[in-house]
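Below are two complexes that have chain A in common, paired first with chain B and then with chain C.
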Partner chain A sequence: MYEQVVAINVGLAMLLAMSLNIITGFAGQPTLGHAAFYGIGAYTSALLTAKAGWPFFLALPAAGAMAALVGVLLGLFSVRVREDFLAVTTIGINFVVVAIFQYVQLFGASLGLAVPKPEFLGVRFGNTEILGLLILLNALVYLFMRHLPNSWLGLALGGVRNDEEAAASLGYNADHYKVFAFTIGTFIAGMTGSVYAHFMGFISSTDFAFPVSIGVLSMAVLGGLGSVTGPLIGALILTLAPEVFRFVSDYRMLVYGGLLVLMMRFQPQGLVGDDSYLQRLWTKIRGRREEGKANAG
Partner chain B sequence: MFFQQIVNGIVVGSVYALTAMGATLVYGIMRILDISNAGAYALGAYISFFFLLQTGNPLVAVVMGVALTAVFGFIVQKFLYAPLMDKSPNVALIAGIGLFIFLQDFLRLVGGPQARELNFGAMLPSVRLPGLGLTLYGTWFLILGATAVLLLVLWYLLNRSTVGLAWRATAQDLETAKAMGINTNRVVAFNFILGYGFAAVAGILVGILYNSIYPMMGDVPAYKMLAVIVLGGLGNPLGTVLAALVIGMAETLIGGYVGFFLPRDAIAFVVLILILLWRPQGLLGRRRVS
Partner chain C sequence: MLELRNINAHYGHSQVLYDISLDVKQGEFVTIIGANGAGKSTLMKVIMGLVPVSSGTLLFKGQEIGSAKAWDRAGLKIAYVPEGRRVFGELTVAENLKIGGWNEPPAELPRRLEKVMAIFPRLGERLNQAARTMSGGEQQMLAIGRALMRDPELLLVDEISMGLMPILVNRCFEVMKQLNEQGTTILLVEQNARKALGAAGRGYVLETGHIVLAGSARDLQNDEAVKRAYLGG
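And then the complex of A and B:
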């Protein structure tokens, strides 16, 4: 069903945007190669189920773990280099990973890999079941994100993002938290890749190329990096936009690029970030409603 | 064969040096990774192609391509980057990516998705040296000559002129330079005009070298240019030239002899990651004292 497929795409995009938000929004580390981890998860899961005969429900966390393993390495690398170097290195990782998928026989090279549909307790997974799984994963990650900013971990991450030296002087080891953010973010991206692979039934290297990374980053930025609901809204808008605006599909990238420029120029905190137009409007409406209540009472 | 590979590597390296120089200059002053510079690279080639069609005169085509792209750089600086200076560097980075995507699609809509010929190369003769097993193409002379001349001019501008003094002062510390009475706004504007002009020259020369321009021609330079400037130590013009030659050589020699299992374009990043592990500040970058 068309609506189900669109909903699945939204669910996948939301997970990716939230996972990127942990690294870039909460820990302040630029990542321009998120699709690499998405791809590592997808290929790990595909190989484990198709070649090693693992059941999907073991391959799913394994895919996350594999992506997180590379994510830890990137995190360890990130503490050694400056922000700008890191941004470029993440682009590099994306290109190298895609090139490996494309040229190494184990990964199907240019032919791609066929992925079996998952089965659980005798139920073969169709789109409905995949959608259910995505809703569950989204809810879990969302709850995690909801609680993160108020937890000791979230506070430490915010400190590292805002002023690394001040955080360090309070006894927070900035490096540990950066690596931690990379680990969690890439783990979620890897799991998302696994779901994607089993939903599509077929994967090839271009599914995880650099433009995908830019797409995910754009979603998080459009909604608002560092806010909890922002990336969800960004993912929803940018996934639905091509469906809704099919009549202008020829101008899609033009609109997409122009939108990014205008957003950054006039609303860099995102649609629902701190002190954005929408957030101010919302506080105003709520303020008025509360005033109304007070007057009535 | 060996000499052919060496010369090949130098030509490729020169092209990378020219391509990355624009973004290096921009980074030197603004401290932003300007991905839209790769859009200016394609834009310059297309403007040049348009004027070649209209006038048939290669000189007019090159001059107009470079001049109009430089004007475009001024506009980008004035209306996009200057207001973003006080925001987080991620903001300018993403704005640049957006502008790059926009430019590419704009060129596709205006110029059509197909590749076009930028055919001035046929006017240049080739030289054969059978004794060394070497063929020197006319376009190579053009590229090596243009790179050498432009880099010398740039070196002179930055190191021996008053404008260059202001440039270096602003690159070191914008606020202090301003306090010393340097018109930093003018330096920043000049910097973008120069940076985008360089990108246009690179785009036109690559168009001539391969006798083809196409809307997505900035794709590979967009990220390879970043690898080059990061490897060079970010914002250091000399480092950029060195890094460009290292990557050009590595690609040609590894691709030609070792037969690396990865495609050519991934080699740049493997080299980048390995060198950054050894020298996190880049080849010629200074270690940051914290």
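And then the complex of A and C:
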């Protein structure tokens, strides 16, 4: 069913946007190669199920763990370099990972990999089951994100993002938090890749190329980096837009690039981030409604 | 309480602090005055562990802390009000204060928060406001408040008067004196020598990375060289 497939794509995009938001939004570490971790998860899960005969539900967390393993390495690297170098490095990682998928025989090289449909308790996973799984994963990650800003961890990440030195003087080990954000963010991206692989039934290196990373970044930026609901809204808009307007699909990179420039210039906090036009409008409307209620009562 | 013996420190290859020795005793209010670029802020950062010690001994309550990382030192009841306030702009006032109480016993935090708000009622009025939207004076209060959440025994303050209106500078100095009277040991680095020597009991003069003079605040105020160089007469 068409609607189901679109919903699955939205669900995948939301997970990716939220996972990038943990790294770039909450911890403030620019990543331009998020699709690499999506791909590592997808290929890990594909190989484990197709070649090693693992059940999908073991391959799913393993895919996350494999992505997170590379994520930890990137995180350890990130604490040694300035942000601009990190941005360039993450682009490099994306290209290297895609090249490995493209040229190494184990990964199917340019032919790609066929991925078996998952089975659980005798139920073969169709799109409905995949969608159900995505809703569950989205709910879990969303709950984590919602809880994060009010937790010590969220405060620590906020402190490190705002002023690393001041945070250090207050007892926060900035390095720990950066690596932690990379670990969690890449873990979620890896799991998402696993779901993608088993939903598609076939993966190839271009599915995880640099433009995909830019797409995910655009979603997070459009909705609002560092806000809890922003990445969800960005993912929804940018996944549905090509379905509604065909031309967006043809000029995808142009739209993403243009959006990034426009958002940075006019609304860097994103559509629903703190102090954005929409948020202020919403506060105003709510204020008026409450006033109305008070007057009526 | 705090003891520095022959401390040297570098930024890369260039030496910033030369053979610094000073001590701050429990309950004292000590100031380090000096011109821009004398190394005052670096000295603060060395004590906080944000700039590494190249050589020398750094003791806090008799314990060597020179090699401990900044985030380990904060557990030692030393708190730091950095130059230029450095509050977390995107976070609210409440979050900024809460961050300051990291690793402190959670049961203590409400009491400390109340204490901070009693000293700076203005912060209590703005708890849910993003710190960046506040005035410079309010941000300075927040930076002090954030440090006080640690309930420090030693408070390091870097350039409290920078960029503040005179009336707010006075208020900040009053608060520091009050804290000192209540038992907090204070080490203040300050360009405004007149104010600093007026408030402190003892002082050091730092010039291009060397301590050139030390003494009671009164002696320094009456010292001809200090008068000429720092007190404008």
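In this text, the second predicted complex is superposed on the first by the 287 of 297 C-alpha atoms of A that agree within 3 Å, B and C clash if a C-alpha of one lies under 4 Å from a C-alpha of the other, contacts with A are read in each partner's own complex, and residues count from 1 in each chain.
One rule holds for everything that comes next: a residue touches a chain if its C-beta (ideal position, glycine included) is under 8 Å from a C-beta of that chain, and two chains touch if they have at least 3 such contacts.
In this text the structure is predicted, and so the values were computed from the model without any measurement.
Legend: residue contacts after superposition of the two complexes on their common chain; A:Met253 is shown touching chain B, with no touch to chain C.
By the touch criterion defined above, A:Asn173 reaches chain C but does not reach chain B.
Contact with chain B, but none with chain C, is seen for A:Val104 once the two complexes are overlaid on the shared chain. Of the two partner chains placed by superposition, A:Glu3 touches none, neither chain B nor chain C. Looking at the superposition, the partner that touches the larger set of chain A residues, chain B or chain C, turns out to be B. Once the two complexes are laid over each other on the shared chain, residue contacts for A:Gly159 go to chain C alone; chain B is not touched. In the superposed pair of complexes, A:Ala87 makes contact with chain B only, with no contact to chain C.
In the superposed model, A:Thr24 makes contact with chain B only, not with chain C. 165 are the residues of chain A that lie in the contact sets of both chain B and chain C, per the superposition on chain A. Taken in their complex, chain C has these residues touching chain A: 48-50, 69-72, 74-75, 79-80, 82, 86-91, 95, 98-100, 102-103, 130, 146, 150. Chain A makes touch with chain B in their complex at residues 24, 28, 30, 77, 80-85, 87-89, 91-93, 95-96, 99-100, 102-104, 165, 210, 214, 217-218, 221, 225, 250-251, 253-254, 256-261, 263-265, 268.
Residues of chain B that touch chain A in their complex: 27, 31, 33, 80, 83-84, 87-95, 97-106, 109, 223, 226-227, 230, 234, 261-263, 265-266, 268-270, 272-273, 276-277, 280-282, 288, 290. The residues of chain A lying in touch with chain C in their complex are 152, 155-156, 158-159, 161-163, 165-174, 226, 274-275.
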